[in-house]
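First chain A sits with chain B, and in the next complex the same chain sits with chain C.
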Partner chain A sequence: MIRFIITRLLNGVVLLFAVATIAFFLLYWGAGDIARQILGASASQETVDLKAEQLGLNEPVFSRYGEWLSNAIHGDLGASWFTNQPVTEAITSRMGVTLSIVIGTVILTAIVATILGVSAARYGGWRDRTLQVVSILGLAIPGFLIAIFLVRIFAIELGWLNATGYIDFTDSFTGWLKSVTLPIIALSIGAMAAVAQQVRGAVKDAMRQDWVRTLRSRGISENRVVYKHVLRNASGPALAILALQFVGLLGGAVIVEKVFAIPGIGQISVTATTQGDLPIVMGIVVFTAALVVVINLSIDLLLGFVNPKVRLS
Partner chain B sequence: MSEVTPIQPEEVAKEPSTGSHLVRRLLHNPVAVVTSATLLIIILGAVFASYLAPYDPNNSDLQAILQGPSSEHYLGTDGAGRDVFSRLLFATRYSLAGALLAMGLAAIIGVTSGLIAGYFGKWFESFSTWVVSLVMALPGIIVLLAARSVIGPSLWYTMAIFGLLLSTGFHRLTHAAVMGVRNELYVDAARVSGVRNRSIISRHILSVVRAPVIIQMTIMLIVAIALQAGLGFLGLMDNSIPTWGGMLGDAFAKLYQDPQGILWPALTIGITAMALALFGNALRDEVERSATPKKAATGTKAAEIVLSDVPTVIHQPADADREDLLRIDGLVVGYDQPDGSLKQVVSGVDISVKKGEIHGLIGESGSGKTQTAFSVLRLLPHGGRIAAGTVHFDGQNLATLSESEMRKVRGARISYIPQEPMSNLDPSFTIGSQLVEPMRKAMGMSKAAAKARALELLDRVGIPDPKRTFKSYPHQVSGGMAQRVLIAGAISCEADLIIADEPTTALDVTVQADILDLLRSLQRELNVGILLVTHNFGVVADICDWVSVMQDGRIVETGPVGALFANPRDEYTKSLFSAILDEEHARGAYVAPAGTAAGGK
Partner chain C sequence: MFTRKRAAIVATIAAAAITLAGCSGSDSEETTAPTTGAATSDGAMAAPEGTLTLGTLVPVTTFEAANAAWANESPYMQAVYDTILRADPDGTIVAGLATDWSWDDTNTVLTMTLRDDVVFTDGNPVDADAAAQSILRFQGGTSPQASSLRFVEDATAVDAQTLQITLSAPDPALTTMLTQNAGMVESPAAFDSADIATNPVGSGPYTFNAEESVVGDSYVFDVKADYWKPEDQYYEKIVMKVFSDATAMLNAIQSGQINGAKLADNTTIPQIEGAGWDIVSGELNWAGLLLTDRDGALTPALGDVRVRQAINYALDRDGLLQAAAAGYGTVTEQIFPTFSTSFDESLDATYTYDVEKAKQLMADAGYADGFDLTIPYTPAFGATIFPIVEQQLGEIGITVELDEIAVTDYISGILGQKYSAAFMQLQQDPSDWQIAQFQIVAAAAWNPFNIEDPKVEELAGVLQTGTPEEAEAAGKELNAYLVDQAWNAPLYRNQSTFVTDANTDAQFQVVNAYPYLWTIKPTN
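Moving on, here comes the complex of A and B:
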């Protein structure tokens, strides 16, 4: 198991390094006259040249990459070209907001998708049809569209002030809960549809296994067979798709945050993107990739926990 | 020269027929028809936007902002006084074109690389797998935001890059599908008969991946539409081109002044995506239907029960002095068919098992012997049911018992030994916990007592290190050990009757005899009755007291093992006996023809 963790961890580090390297070269090679872009069209050529000198833009990309990498290894991702705020500070202060929404969505999704998927697999009939309808809706309707309608209903028609904006949970837990409820619902529908389908399939597969009959033959109650044994065996595929959804939700949150005026990673990415603030953009790429590595690793560990074959090999 | 007819690849290939059949069936599927009609209207609107739009989509009239629908502006005007209807038509054109660009690029790159990786493998396979994992390490929108910071707001560049990201989905799909077919016999046959790679790919492999790829296309279009709308909504796309996302963003900024503004772009996105999703679903349904054999035409045939009227050859009436432990009378088992009829697999079976007796139920596969055994436990596979007859056990008719009462019988009174030891243990739990759980449930034992008993049982069934096995997971023990564990489970709750379904068939020959010995000694020790299902006369001769021969859902001959073996009277039983290799008359030793004996290499 320790070897397994170390291998996965090393894989994650290699992946992170590859993503950062590719992103750096694409961004810095692809960028045009950055200094001009920062200072605007009215700035004189001298000030533009000076700015370029200050930012080290005249050095070759390779040496800039070397510098960035050695700093990054020491936890320094540079500073914003526009606000001079350190990149790590700018991102961590907002990542927490985004993560609280994404994690809330993942938890809600896991619970509802399990209930929907298990009952559809077990009883079929109208429960199964309901799941199919939810799946189609969840697949077809983008999360931010649902978010817009939630804002329209709650903020405009019902006039609830809490419908948009964000309250940190260190300030007020109930306030935080109110401010994240609608974003979480908006993001959950799509994820729920995908995960519930997977749960349904995995439960159906597990129910067909021989050992289910043997357990029944031992007088174990149907609920116990389903919720203890079948679900445990079905959780592998379900967890795998949940991890995939986690990554997708990080992206979905970017747009949904704008709808609810939440100061998360979405806001800063949009600003940095439009301004061409490359240190911040690099920081977002690295942070997100690191987060994905961590998520995948935790899911692998969870998979090991539910599947002894993984754990013991 | 020998005349060898070359194998025609056409004959070898039994490729699934998707194609014109599928199109024809889709035309009969109402969902497919309605959704494709909807999509067609949307596409026509996009194509003929220049003719249909009453205004220039970018022409703003600041005198007429945020107007409601009128005869001048069918859908009103937006915050900049632009005609919403005209804008919507052009937005549909550009949004669909952008989504198609992303999807098309993704399909071409993904399917091609998937075919290469799947069919030829080698370094390209591992390289492409690595690239896919790299792309999946970042949410698409983050990549596009990063790209946007250097390439600017161009819709086409953005969607082309998104196409590259989406291609991983097609790659994985095609790769997996090709891996599945690559080693199929018909592909091998085509390869052996000298068909070129290119022909094999186009003829056999493309036909397999075609349908899943088309379904994937509808999903990818939806994804591309959603992502593009999201970017437009964030205001990151070129303002001079009207898009659904851009319209949504504009309307959202004016949400408090005009809450209706978001309706039109939102509806258009919603309808388009729903139509695509439902069309994809209908397509999947039709593809899956063509893959499964056609079921009988639907009708309303009443379930009719047919009892076999062929008499059973009875060697010796059952011993009337000894009480029946289990008595099956006129058992009929059937599976309900879609047309309302009943597919009978057991047609009137009578069996009695006495206390302390091993009753062998023998027959070839499909004779209904296992179905009969499962009926006793009421654990028939999905769709199967006892249609007629009684199953008397200890004064109760199991055939009519409620499910909760039946649960009290299972395990505690009647237990079960399955055929495949490895697939009958839950792989996620330790062997110990699977032994302890039923004892605690059925006998109300404490955890410690159940554990002690489980260790005793493991020892009793001949497991060398019970403590270790108790802690082990099923994949850590051998098949023979697993079968001993299952036997321990079957005797753990002191059942009076054990249903053993071919308990030795899946085991190595050397282990089979040990397991039979174990069963026999346990049966004597505990004085339980066993209904033993088998297809092997050797097993019957070895441990059974009584035997019933089953064919086509009925018992053809029954009697004590000695009497029946000595004098089989039914034709079918006789044929079973004659099929056994006659070991008494061993063939003489092989004598090599003169001249070749010494030449052995």
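Moving on, here comes the complex of A and C:
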């Protein structure tokens, strides 16, 4: 197990290096006139040239890459060209915001999707048909549309929840709940639809297996068969899709954070990319790639934990 | 069957919903703008109270005065810095840190007397030496407005309270620039500090609360004790929240999370008015087709004034304003703003939409069969303006090729002489002299082909050195000349909109994207 983890982590480092290198050259070769973009139409050419010099934009791209890589290895990802905030600070202060929404979404998705999926697989009938229809709707309707609808009802009309912004749970738990509830629901709908379908299919497949019949013939209660044995057996595919959803939700957070004006990674990703704030974009690439490596490794370990058949050692 | 267990679940959910709905207190995002001002009805000063939450469009680029931006960043700067002079909403220059000021006979030496009761947040006094150093640092910095001090030869402290600025040539815009970022005074003790970009050391009415702020998202300012102008401090706290999405801003407005906001998108105005908010608007920029290649270096046809006039006749300004700006603005054919003495309303009827006349002018110029014209295209200006311009110029035989380029390359593409014409929005500067320097004279940044016209240079010279009467006459003549020569094809002036809730008042600041901070106050 230890060897597996070390191997995967080393692979992750190589992946991280490759992603960062490719991203750097793609971004810097297509960057455009960043100094002019920062200073706008009213700045004189002399001022623009001075800004470009200060940012090192006149240096050859390979030289800039070498400097960036050297600094990055030492933990210095530079500072935003547009706000002067250190990149590491900009990302770490926002990563918590995004993760709290994404993790909340994953938890809500896991609970609701399991209930819906198991219910549809176990009872069939109207429950199953309803799940099919709701899943199609959930996958078909874009998250941002759901977000706009939810804001209109629960924030503007009823005033129960916050329309925009984020409150840290260390400042106020209820404030945090009011600020993340709508984004989490908006993000969850699509994920729930996908995971519930996966759970339903996996549970249905498992319930057709001989060992389930054997368990039943031994007089074990149906609840015990389903929740202790079948669900555990079916959890592999569900966890795999949930892991994929987790990574996908980091992307989905881009739109939701923009609509809810939440200062997370998604919001800064859009802003930095649009502006051409390359140090921030590079920082996000590195952090996100690292996060994906860690998540995938964690899911592999979790799969082994819940289902001994795939135990990795 | 509705079992006890299910009932318990439903009850729990209901309780959670009620708890959420009933949440109030410290976590509430409800804004708490006071309903009374800093000065009470009997003239006595009331203590600042409540929180003002403003919606902004851009974050702070830097708090370092020497490199600071203005326009949409002005509220951040005005919270923490004082300026040497100030401007009223109509642009009239009034006292700031300087209580009086005068020019010498050559209009090249400006002598100013500064207040003696102002201190920086680091405890050092605001004096003439700090002001002089700030001016010189700004001149050598990378603020977008750094070149506005290009005529400054030196700035010195004659004594602790007397500042003297020496120019290489008269600059009618200098005092105006000293009301903006060029006039911000920063503590010299902070010049070399490592965190100068994120930790401002000024003398403004508020202090930056870095702990409660999220860089790029929300900036919090606390009222400063013993400020020299307490009548400008209406609120205990000001929060400036950045909105990069128009829908998010609209949601914040409609749910009462903010008290005032600069709109990025005028199409939301009906909904905002429907929510009971007030509109504070003015016009900052002119938008239109820059005809930069007036000597015909890239496109020979543009060297003929009749072709440029034909382009002006061929564009349906009313239709373009409606299509591109939802009708929020005013059509125009001149680049000078309505507040300028050079503005002449009658000039706006020079090129009334007339396709037949445009075709005739094209034929007279020898271009009856038209010509090809490449203009840069970026979605940043919206999807409608470019195809309409393409279609309308196509009607008189001009085949427009839209060259799509990245938004980061748009301005440098135009200024780099890559295009003969381009759609652009340019600021309407406070003075005619600045407009000439920015857009008209041979050395102007927005005269990218550096085309020199003796008449233009002569009139611009009068704007710089003439008496007010001479300058006014020269400005009028210059404006009429530019319209007659179809220097560009101006289309309309955009409406710039700030909105306020029922508890908040604001005044539009002429030529600035954001109302000046001290004009945003509680409703009487």
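The rule is simple: the second predicted complex is superposed on the first by the 302 of 313 C-alpha atoms of A that agree within 3 Å, B and C clash if a C-alpha of one lies under 4 Å from a C-alpha of the other, contacts with A are read in each partner's own complex, and residues count from 1 in each chain.
One rule holds for everything that comes next: a contact is a pair of C-beta atoms (placed from the backbone, for glycine too) under 8 Å apart; a residue touches a chain by one contact, two chains touch by 3 or more.
What you see is a predicted model; the values in this text were computed from it and never measured.
Between chain B and chain C, positioned on chain A by superposition, is the outcome a clash or a fit?
In the arrangement built by aligning on chain A, the partners chain C and chain B clash.
Of the partners chain B and chain C, which touch A:Val259 in the superposed model: first, second, both, neither?
In the superposed model, A:Val259 contacts both chain B and chain C.
Does chain B (first) or chain C (second) touch A:Thr181, or do both, or does neither?
The answer is second: A:Thr181 touches chain C but not chain B.
Once the shared chain is lined up, is A:Gly276 touching chain B (first), chain C (second), both, or neither of them?
In the superposition, A:Gly276 touches chain B and chain C alike.
Does chain B (first) or chain C (second) touch A:Ile156, or do both, or does neither?
Both: A:Ile156 reaches chain B and chain C.
Under the stated touch criterion, which partner chain does A:Gly219 make contact with: chain B (first), chain C (second), both, or neither?
first
Between chain B and chain C, whom does A:Ser44 touch in the aligned arrangement: first, second, both, or neither?
second
Touch check for A:Thr170: first (chain B), second (chain C), both, or neither?
The answer is neither, since A:Thr170 touches no partner chain.
Can you tell me which of the listed chain B stretches (4-12, 58-66 or 274-282) runs into chain C once everything is aligned on A?
After superposing on chain A, the stretch of chain B hitting chain C is 58-66.
Share the list of chain A residues that count as touching for chain B in one structure and for chain C in the other.
Common to the two interfaces on chain A: residues 30-32, 148, 151, 156, 258-259, 270, 274, 276.
Once bound in the complex, which stretches of chain A touch chain C?
Within the complex, chain A touches chain C at residues 30-34, 36-47, 50-51, 54, 80, 82-85, 89-90, 93, 148, 151, 155-156, 158-165, 167, 171-172, 174-179, 181, 258-261, 263, 267-268, 270-271, 274, 276.
Could you list, by residue number, the parts of chain C that touch chain A in their complex?
Contacts found on chain C: 17, 19-21, 23, 26-29, 59-62, 69, 142-147, 150, 197-198, 214-218, 241, 243-245, 247-249, 251-252, 254-257, 406-409, 411-412, 415, 424, 426-427, 438, 445-446.
In the complex, go through chain B and note every residue touching chain A.
133-134, 136-143, 145-151, 219, 222, 225-226, 229-230, 233-236, 248, 252, 255-256, 259, 262, 266, 269-270, 273-274, 276-278, 281, 377, 379, 407-412, 415-416, 418, 420, 423-430, 434, 437-438, 441-442, 473, 475-476, 486, 489, 493, 499
Which part of chain A faces chain B closely enough to touch in the complex?
15-16, 18-19, 22-23, 26-27, 30-32, 132, 136-137, 139-142, 144-145, 148-149, 151-152, 156-157, 209-211, 213-221, 224, 229, 232-233, 244, 247-248, 250-252, 254-255, 258-259, 269-270, 272-278, 281, 284-285, 288-289, 292-293, 306-309, 312
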